[in-house]
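Down below are the structures I want you to see.
Here come two complexes built around chain A, the first alongside chain B, the second alongside chain C.
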Partner chain A sequence: MSVKGSKPKFAMYWASSCGGCEIAVLNTGLKILDVDAAFDVAFWPVAMDAKYKDVEALPDGAITLTLFNGGIRNDENAAMAKLLRRKSQILVAFGSCATEGCIPGLANLSPAREVFDTAYGTVTTENPKGVRPQPETRVPEGVLHIPVFSPTVRTLEQVVPVDYSMPGCPPESHQIAMVIDLVIQALQGKAQLPPKGATIGAGASTVCDECPRQRNVKKITKFVRIQELESVDPNLCLLEQGIPCNGPAIRNGCGALCPRAGAQCIGCYGPAEGVVDNGARLITAFASVVDSNDPVEIERILDGIPDPAGQFYRFNLAGSLLHASRAVR
Partner chain B sequence: MTTQPQGPSQSEEKIGVYVCHCGSNIAGTVDVAEVREWAGQRLAGRGVTVARDYKFMCSSLGQELIEKDIKEQGLSRVVVAACSPHLHEGTFRTACGRAGLNPYLCELVSIREQVSWVHTDKHAATDKAKAVVSGGVERVRHHVPLVPLRVAIHPDTLVVGGGIAGIQAALELADAGKKVYLVERDPSIGGHMAQFDKTFPTLDCAACILTPRMVSAGNHPNITLLTWSEVTEVHGYVGNFTVKIRQRARHVKTELCTGCGICQEKCPKKVIDDVYEAGLGYRKAVYTPFPQAVPKYPVIDVENCTYFRKGTCRACEKLCPTGAIDFAQKDEVLTVQVGNIILATGYDLFDPQRVTQYGYGRLANVFTSLEFERLTNAAGPTNGAIVLRDGKTVPKSVGIIHCVGSRDRNFNNYCSAICCMQSLKFAHLVKERTGATVYNFYIDIRTTAKAYDEFYQRVLEEGTLFVRGRVAEVTDAARLPGEEGKLILQVEDTLAGKQRRIPVDKVVLSAGLQPRADAKATAQVFGLSCSADGWFIEKHPKLDPVATMTEGVFIAGCVSGPKDIPASVAQGSAAAARVLSTIDKGEITLEPVRASINATQCSGCRICNTLCPFGAISFLEADRVSEVNPALCQGCGTCVAACPAGAISGTGFSNDQVLSQIEGLLMLNVAYA
Partner chain C sequence: MVDQEHFEPVIIGFTCNWCSYRAADLAGTARVKYPPNIRLIRLMCSGRLDPTFVLKALAGGADGVLITGCHPGECHYLEQNYKALRRFLLLRRTLVAMGLEPARVRLVWASAAEGVKLAHEIETMVAEIRALGPLRWGHNGTASDSAHDTHAYAMAGQEVSP
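Up next, the complex of A and B:
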């Protein structure tokens, strides 16, 4: 709770992420001034200088709202997740990485050693000595530590309890603005926060709900990549045209931006309400509408999806029931 | 034994766990006392307030244990670890109901079929039983009280297939005063039995016992006979099926036809009859398949009729005394409402041509069993004379090969059940009518039904020679003196322990039975499943052999596997009895396991729209959402799995129930208990 006369504290932290979430927050435009008006920024590495020890020094629960973006890739991410959990009243898993692992989560298909081999041992890396990151390095001045790489990418909720999840890669700015408004109003007693555990800043159905394309009964005889088509019907459901659009399984909230622009939904808003594993959902859904009973023909149709993990689990792998490939576990 | 857990529970539910010994069925492999004790202690934090084990939970004493605990300890959930829910789910639900607990708050987990019967390591099996119990406990916490659905039963019944099983079922129902639609694909009812001459083991004439039944079915005021017809679509659900039947144009006006037969007599076009006469005789382009056909009205075979092929002839039309021929007749589609369906679509004969080493189709005097039936039939192409392919020579020696296409891993692994007796019957008929030497080549003789083995003894005494061994080859290539002009059977006589070459004049291949070529399509129309062999699957192979997993659809006769005539008739009656019991009750109770769509979560992607095998899903154009009709839904779960948005859930199989059961199985609950 804020001390009388001082503003509630706000924090935003990035763990294993690209920084897009921060840009999306800044992209709310003038709304950012409302944040400044309503909150004291306690900790926001991308926006202002602060040290971990400053956060550690705060009393537990001192931060009213923390937006935590990024997945948990190493022990530093995990430690910060635990620290910010302790210090925050409201901890929001912000964006796809924090809620479901996102693109970095696809590393869960490979053991950590292979991830390093790709990063430090392929032709694009100049590394003649074959150096790999070590948690400890002795130098004349002493011992240097870098964070320990975890076997898998975990979502924030797989490490600490979270109060709300906000999906999106990144979350749409208008949704962020709405959430900020809501929290400010709640602090002023003008609105009520949703029940703990809820998904905020998104819809309760799927992308199709916001997609203006005509939908019919589906019978799929081939899957194609969009660039293989001579023309795409601007008014017809993409999936019905054989373009593997993930929209039917993906939570709405983005306004169906991609399908409106003629590109398939790739799933950045994550699983729909109540769905744990949207990859599994998509696989059964796509398989259900393949229009053939001939095993050879079915095989041919499904071959139209050359990268099933990338198609179905691009964002959701770490957060899915699978979490990681067997080789990793 | 009972374990009463100590300490506070973190759950508001009071769950009773009952572990069954099933005599030694479970207790022989699973340490039930240990499972009971473990559940009582380790799952106490998950709400288990009492855990018991008992020798037979399904006994009345076992059930009373549960009832007593519900009443005295106020249990709110029950988990019984025993056999498969197929067997005793009903028993324990009813017991809970008697004690005032909603029956659907009881979960039966299988530690017999899924644990004790499939494991030998007692320690590991006990651990697995604990996991299964733990899964059940987690699941049952998410159960909700349900009320069974009641559905009114339309009193009419559809019987598909006019063979002896279908006729029997139709007559039983009709005699009980119920209306029946009997649909037959061929121009006449009668089925395979109408093609036989004698029936084993009594040797009474097939036609003499069958045709009175056919006539009764044809004349019965309660039976609507639809021959030359096929069911094309079935919609609806038990009690209320809507069935579309395509009635092919007979090109004969049945209201005018007297069945006088002049058209058949005068028709100039002869066609080889490869259905009824097994290719040994001819019929006309306008025909009834056999003299005693029911109904008596002929059909015009459009593919062979000169008028339909060339536009001229019309002999039948000109000569019909009642003007009953109608070339302009069109196929008609009938829609009927029925409450139950009995499928008795029978079997196809195995095609012996596939066993190339037996030379059928290549060696003239190799016959199939059906051809032989026609030869022995007094109304057949030779008036019952057993002769060679030339139509006149009487064979001096005949070889009968059993198990052609059956018990053979190249074709069908199963035993066709009727071929032993059929082959013995053939041996007897050959002996009786020609005095020829008869060899029967068998693997094992299976004569298990009433009076069958006595018939075998009789055939043995008549002097038929039995050679135990699978015939390797039938050939006309003579190698030894005395083999010229004969068919030689090369066989290992496994009793004598040597190879033999036996020359005969004629070979009969006792072909097995196999599912109808279109069985899978039929299964799809009626929403049934086929075994790997292609036979329709019974609800329970022993205890419910004429019901199927689809409520209201029953099966009788060879459609579920090879059977002889008595068994087929018995199944026809049994299926009728099952149907009658539902009609007389007027309504039936259905499991309230249904899918439902959460309209808020549904975005109308329409992926589910074509998937429902029961046509229960419709798309509401105005609201742009899909909807499940609970009366049509059978709770199969197809749409639940397919819905990409997770907007469809199945009662009893919610995400919470399934995922928590998995957590329980993985013992995650014990970790956080």
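Up next, the complex of A and C:
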């Protein structure tokens, strides 16, 4: 990394996430050298050693660009979101966890107690005494503190204002490279940043729009799981073959990678432009392919989607209109 | 906390211009009484009902949602009420998976002549939701940083013994 000097500062932080976003950034290949050439890396736990207190010591607004990935699962995540908001000029909600909760957000279907019972009390965990981690634990050396678990996973924007959102689980590396280029050019006065609040590094339309599969008049009498089919037509729309593809509601920008490879879109780029709630949009899309006017028959066909909440909100529950199951309340 | 005794459910009703809206009108002119808990929103057809409207209503504080349309075969735009039916059934499954009691969302067919029937359906729905109590979906945990209580509850169990 370059010597700390007068270059603009860059930070990247992970809250409740898997680390895939960091890999995607590193996957930009040589582009990472451009980041190093254009920025001083002030804080990036995965790449370099720095402490929270180093960030606290910076003047407010000292970091030019912060990519924040991960959702807000506990009070440490929330505190870091607030700290980095204060220290950053441009705060980007980076990746699906930060923008919409992503897979960790599916925990919003269960009360915190169940989340802990699953994590610390099922057969895969050796925990005979039924120990649960506590916010405070007394040990001979003193008191240990661990972050306090929040009732639900929240998106970054549900906790602090963000300047831009960059969707994807993870964002595609070529999209990240484009965004990095844009920010560098903007810093050099050669380009303009998009208006605040914009979604960056993604398309404005749907995955279907980028999908080469052929659509006819969609009507099906059965939803199937892809592995149940003997063969999948390589050219025909998956939804028309009864495979629950989320393409109709999901933002493009990935290049329709999954449907091109023969797998249904599971929705990692979040709701397309203008889609308020991607579950609602998918309900409309899926309902429109069901080939029946008879309530009993319709219900039979819909049995083919055994987990509608998981199907429609796999990446988006925390960011959806309902945010969490009623069981959480 | 809303006092259960004095709980007045708020129900959002989506009506079709050609049938159920007129049915509600007819109930009014005929002085058929129905509880004032329902707020009717007129659509041109039940097929116009975007499930987003229902989610917004519930997230915004409604205790239930009533969707109404012309009887099967009588939609002024031919097949749109069947579309509404398919959407409704899938929406209801999704909402149930999210922990909603199925009685809070309802689909009712009512022709322009069925003012009495519609009034009766509304009455039944209000009574059922009154019995279920407030939904309060809007008052969720999105804004809470003070999650200590939940945490303590979630982790009630043994502390690590030093």
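Note that the second predicted complex is superposed on the first by the 324 of 329 C-alpha atoms of A that agree within 3 Å, B and C clash if a C-alpha of one lies under 4 Å from a C-alpha of the other, contacts with A are read in each partner's own complex, and residues count from 1 in each chain.
Keep this in mind: contacts are C-beta pairs under 8 Å (C-beta built on N, C-alpha and C of every residue); 3 or more make two chains touch, one makes a residue touch a chain.
A quick note: this is a predicted structure, and the numbers were derived from the prediction, not measured.
Upon superposition of the two complexes on chain A, a steric clash is found between chain B and chain C.
After overlaying the two complexes on the shared chain, residue contacts for A:Cys169 are found with neither chain B nor chain C. In the superposition on chain A, contact of A:Cys208 is made with chain B only, not with chain C. Greater residue coverage of chain A by touch, when chain B is weighed against chain C, goes to C.
In the superposition on chain A, contact is made by A:Pro151 with chain C only, not with chain B. Look at A:Cys21: by the touch rule set out above, it reaches neither chain B nor chain C. In the superposition on chain A, A:Ile90 contacts neither chain B nor chain C.
Contacts of A:Cys265 after superposition on the shared chain: neither chain B nor chain C is touched.
In the superposed pair of complexes, A:Val217 makes contact with chain B only, with no contact to chain C. Shared-chain residue A:Ala249: touches chain B; no touch with chain C. Of the two partner chains placed by superposition, A:Met12 touches none, neither chain B nor chain C. Clashing C-alpha atoms between chain B and chain C appear in just one of the listed stretches 188-196, 260-268 or 530-538, and that stretch is 530-538.
The contact surfaces that chain B and chain C form on chain A in the two complexes overlap at residues 276, 281, 284, 288.
On the chain A side of its complex with chain C, the touching residues are 74-75, 78, 109, 111-113, 115-116, 120, 129-135, 137-140, 148-152, 154, 158, 276-277, 279-281, 283-284, 286-288, 290, 292-293, 295, 298-299, 302, 305, 307-310, 312, 320-329. On the chain B side of its complex with chain A, the touching residues are 600-611, 619, 638, 641-647, 655, 659.
Per the touch definition, chain C reaches chain A in the complex via residues 50-52, 54-56, 58-59, 72, 79, 82-83, 85-87, 89-91, 93-94, 97-100, 135-137, 139-145, 147-148, 150-162. By the touch rule above, chain A contacts chain B in their complex via residues 204-209, 215-219, 237, 239, 247-249, 252, 271-276, 278, 281-282, 284-285, 288-289.
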